[in-house]
Amino acid sequence: MALTKEQIAMRIAREIKNNTYVNLGIGIPTLVANYIPEGFNVVLQSENGILGMGPFPYEGEEDADLINAGKQTVTLLKGASIFDGATSFGMIRAQKVDLTILGAMEVSENGDIANWKIPGKMVKGMGGAMDLVASAKNIIVAMQQVNKHGESKLLPECTLPLTGVKCIKKIVTELGVYEVKDGAFHCLERAPGVSIDDIKKATAGKLIIDDNVPEMKF
Amino acid sequence: MALTKEQIAMRIAREIKNNTYVNLGIGIPTLVANYIPEGFNVVLQSENGILGMGPFPYEGEEDADLINAGKQTVTLLKGASIFDGATSFGMIRAQKVDLTILGAMEVSENGDIANWKIPGKMVKGMGGAMDLVASAKNIIVAMQQVNKHGESKLLPECTLPLTGVKCIKKIVTELGVYEVKDGAFHCLERAPGVSIDDIKKATAGKLIIDDNVPEMKF
Amino acid sequence: MINKTVKNVTEACADIQDGATIMLGGFGLCGIPENSIAELVKKGVKNLICISNNAGVDDFGLGLLLQKKQIKKMISSYVGENAEFERQLLSGELEVELIPQGTLATRCMAAGYGMPAIFTPAGVGTEVAEGKEVRNFNGKDYLLEYAFDADFAIVKAWKGDTAGNLIYRSTARNFNPMMAMAGKITIAEVEELVEAGELDPDQIHTPGIYVHRIFQGENYEKRIEQRTVRPKK
Amino acid sequence: MINKTVKNVTEACADIQDGATIMLGGFGLCGIPENSIAELVKKGVKNLICISNNAGVDDFGLGLLLQKKQIKKMISSYVGENAEFERQLLSGELEVELIPQGTLATRCMAAGYGMPAIFTPAGVGTEVAEGKEVRNFNGKDYLLEYAFDADFAIVKAWKGDTAGNLIYRSTARNFNPMMAMAGKITIAEVEELVEAGELDPDQIHTPGIYVHRIFQGENYEKRIEQRTVRPKK
């Protein structure tokens, strides 16, 4: 059974270490916040200028001056700080943020990522994605492995305009967990009930998968 | 009569316009603050991180955390702000400070300045002087025109290591006021009782001086 | 202290003319100069080049200037959430230059700090790098990006004083401080204007030297783009 | 929040070893990390490379490390006011690299902002420019200067919280914020350490992400270098 979005988020949450700073992108990555282990000190950075982002506010307590990078109303945790956008991206470029989790449309076997533009469609912009992928020391991509036409999005080369080159090291999809190294997708785990064959069919790029690749447990 | 240091400062003070930001160097430039016309809004910048520097504190009210770039205890005026050193020099480089007044050992006829190093003597460092002369849009030098051996310090070329090149546009000395342009010192005013001949003798670089050059009034 | 106050938004924006390049603070609809945008709509200035992280929504923020076709070119990092924008872009009425958000922020900062150009890894190997100088430092490639050169910066702060000092509130800070530093002329609208001396000098986000005109704005709507809440326990 | 507190200065400085490159905040004797300097003297670490705007006076600040000949090289903008410094320099025991003050500040900032190099006009045409790349932008020459790469940054703040957030007081801010951002390991000593949540998030000068270790210092002397006063009216 392919993972749900929530399960992808749950699986990614296991990659988060205690006492770290993490930037979560829009979409599935945002859900990861719900699965950070109890008792972990994980500080969320939002690139519009927050360290220590908290959950959504209680109804009626929204503050128009306090939003996250997805323009959603949020709250601050105790010990949070606010800063300007240059400082925020300075912090990202200087690799002070330990882990970045973001979505993708395509990833290539050498770690290139495309997630901002589809030729012929309205382009909304890259926002902070190009800065994040070019700067972060540790990036996990949360994505669907196949598109609605059943085509793989783990490719030999990206077909869409790139967001960044040779920057993605780990991917979690509905089918498995992959490490990207030495020009190949190395399958580390498969989703419960997903076969090696399912994974092979869903991976267009070079795949390295062991016959005994372990099954994820939830 | 050659001007006293106080008179040099008084004369320089006349160059200050209302509603401007001014950075004053150590020595004679510091004295200029005492002669800013009553009613003028002149905001003093100190490059260690102050806008709106006030006078020395009253005895017993010194604050070790509040000093100027000369390490002297100072006060803040109403409306002052404090910032870090990168912002301070950013402000200077971006030419937000309207006027810089500093001392010099030598100035050349093309506007080069030397004021930080004498070979063979202990070098204390350039501090912020190189940043200021390279960045400021409007610099006035306060200096003695002749050294203790009677030698001119307004030269064809500086003999000491440079602080900055082609940056000085105006000089006030004990003998006169000079504009530096087109590779010459243009004498604009002479000190009371100082003759054109006195000025010629005290200027080693190319001098342009009118027979009717006006005498300063105090 | 130099008094930077102007009577009102009309005086603050009086010399903004057709074709001006304007930086506008804000992230989404958060921390945007609402009064000044309304004034620009009223003035009807055209062919503006706007540098702003976003382009507002259809009926708020920069969307109001787009509706009136006053903007010739947008320089932004993300322009979603705006149907009129999309229409003008596809019809060729509007130019758009998309820039990575950190590059946008840092090019503002560069202008404010008197640095003509900066190096950033953002966009290396992508179409953003086309025609740009790439330089390797310590084994990593960086793009050379130039400081912005804007005629005006219009920012919104929470509190300001007559000397032009500004304090922002929460994430309404965003691009405002860098843009305030970067404008040749910087206009600040504030929710509360106080006398010089009422703000703590240690707590000022934008020193007054960067601000040329300041006024107290009115009727702030502060619209929320994505209202997300959790139920009260 | 991540708890950055360490027990005391000894724990904070435990892994600073001979030959380390250390940035130290402060301008003159204002805002210097007095407790950490005393600890380095006590530890007796040698061959230090110190990046600091000044070098203290004979018997205070970095002068204390100079007295014990623990510093191999000083990287500063102004090193007056220190006879022992002069003696060691002239005898060749001490190396010194003099850098324009704004360049020093901006090279710290570059490190904190992840920019490998910056352009500044300071020093163009002088001996500071020797061997450096000069580049012209818009008719003006600039030097290419590189970001600092320091093992440790040691800063002093007024208040700090357990999450590492810092607030400086008055001109004791000076180089501390940029250095805090620039250190691979940043150690902060504060006059008052409070719980996370007690500082206003809008008023924090250094976000806790930059600070690796924080402790409450003691017995601050805060010596004044040039006591200048006017008589009471």
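So that you can tell them apart, the chains are marked A, B, C and D in the order they are listed, and the count of residues begins at 1 in each.
In the analysis below, a contact is a pair of C-beta atoms (placed from the backbone, for glycine too) under 8 Å apart; a residue touches a chain by one contact, two chains touch by 3 or more.
Predicted model only: the values in this text are computed from it and were never measured.
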- Could you quickly compare A-D and A-C and let me know which has more C-beta contacts? A-C
- Task: Could you put a whole-Å number on the gap between the CA centroids of subunit C and subunit D?
- Result: 33
- Note on the structure: Distance in whole angstrom between the CA centres of subunit A and subunit B is 56
- Message: Between subunit A and subunit D, what distance separates the C-alpha centroids? Give it in angstrom.
- Response: 37
- Message: Using mean CA coordinates as chain centres, what's the gap between subunit A and subunit C in Å?
- Response: 29
- Message: Where in subunit A do residues touch two or more of the other chains?
- Response: 76, 82-83, 86, 90, 92-93, 135
- Touching two or more other chains in subunit C are residues 106, 113, 115, 120, 169-170, 173, 201-202
- Query: Considering every pair of chains, which are in touch?
  - Reply: A-C, A-D, B-C, B-D, C-D
- In their shared complex, at which residues does subunit D touch subunit A? 1-3, 111-115, 161-163, 165, 181, 195-197, 201-202, 204, 207-210
- Residues of subunit B touching subunit D in their complex? 46-50, 55-68, 70-74, 76, 82-86, 88-90, 92-93, 112, 122-131, 134-135, 161-166
- Message: Under the definition above, what is the set of subunit C residues touching subunit D in their complex?
- Response: 106, 113, 115-120, 137-138, 140, 142, 146, 167-170, 173, 201-203
- Message: Quick check on the complex: what are the subunit A residues that touch subunit D?
- Response: 19-21, 41, 43, 45, 51-52, 76-83, 86-87, 90-97, 135
- What residues of subunit C sit close enough to touch subunit A in their complex? 27-31, 53, 76-80, 86, 89-90, 98, 100-106, 108-109, 120-128, 158, 169-178, 205, 222-233
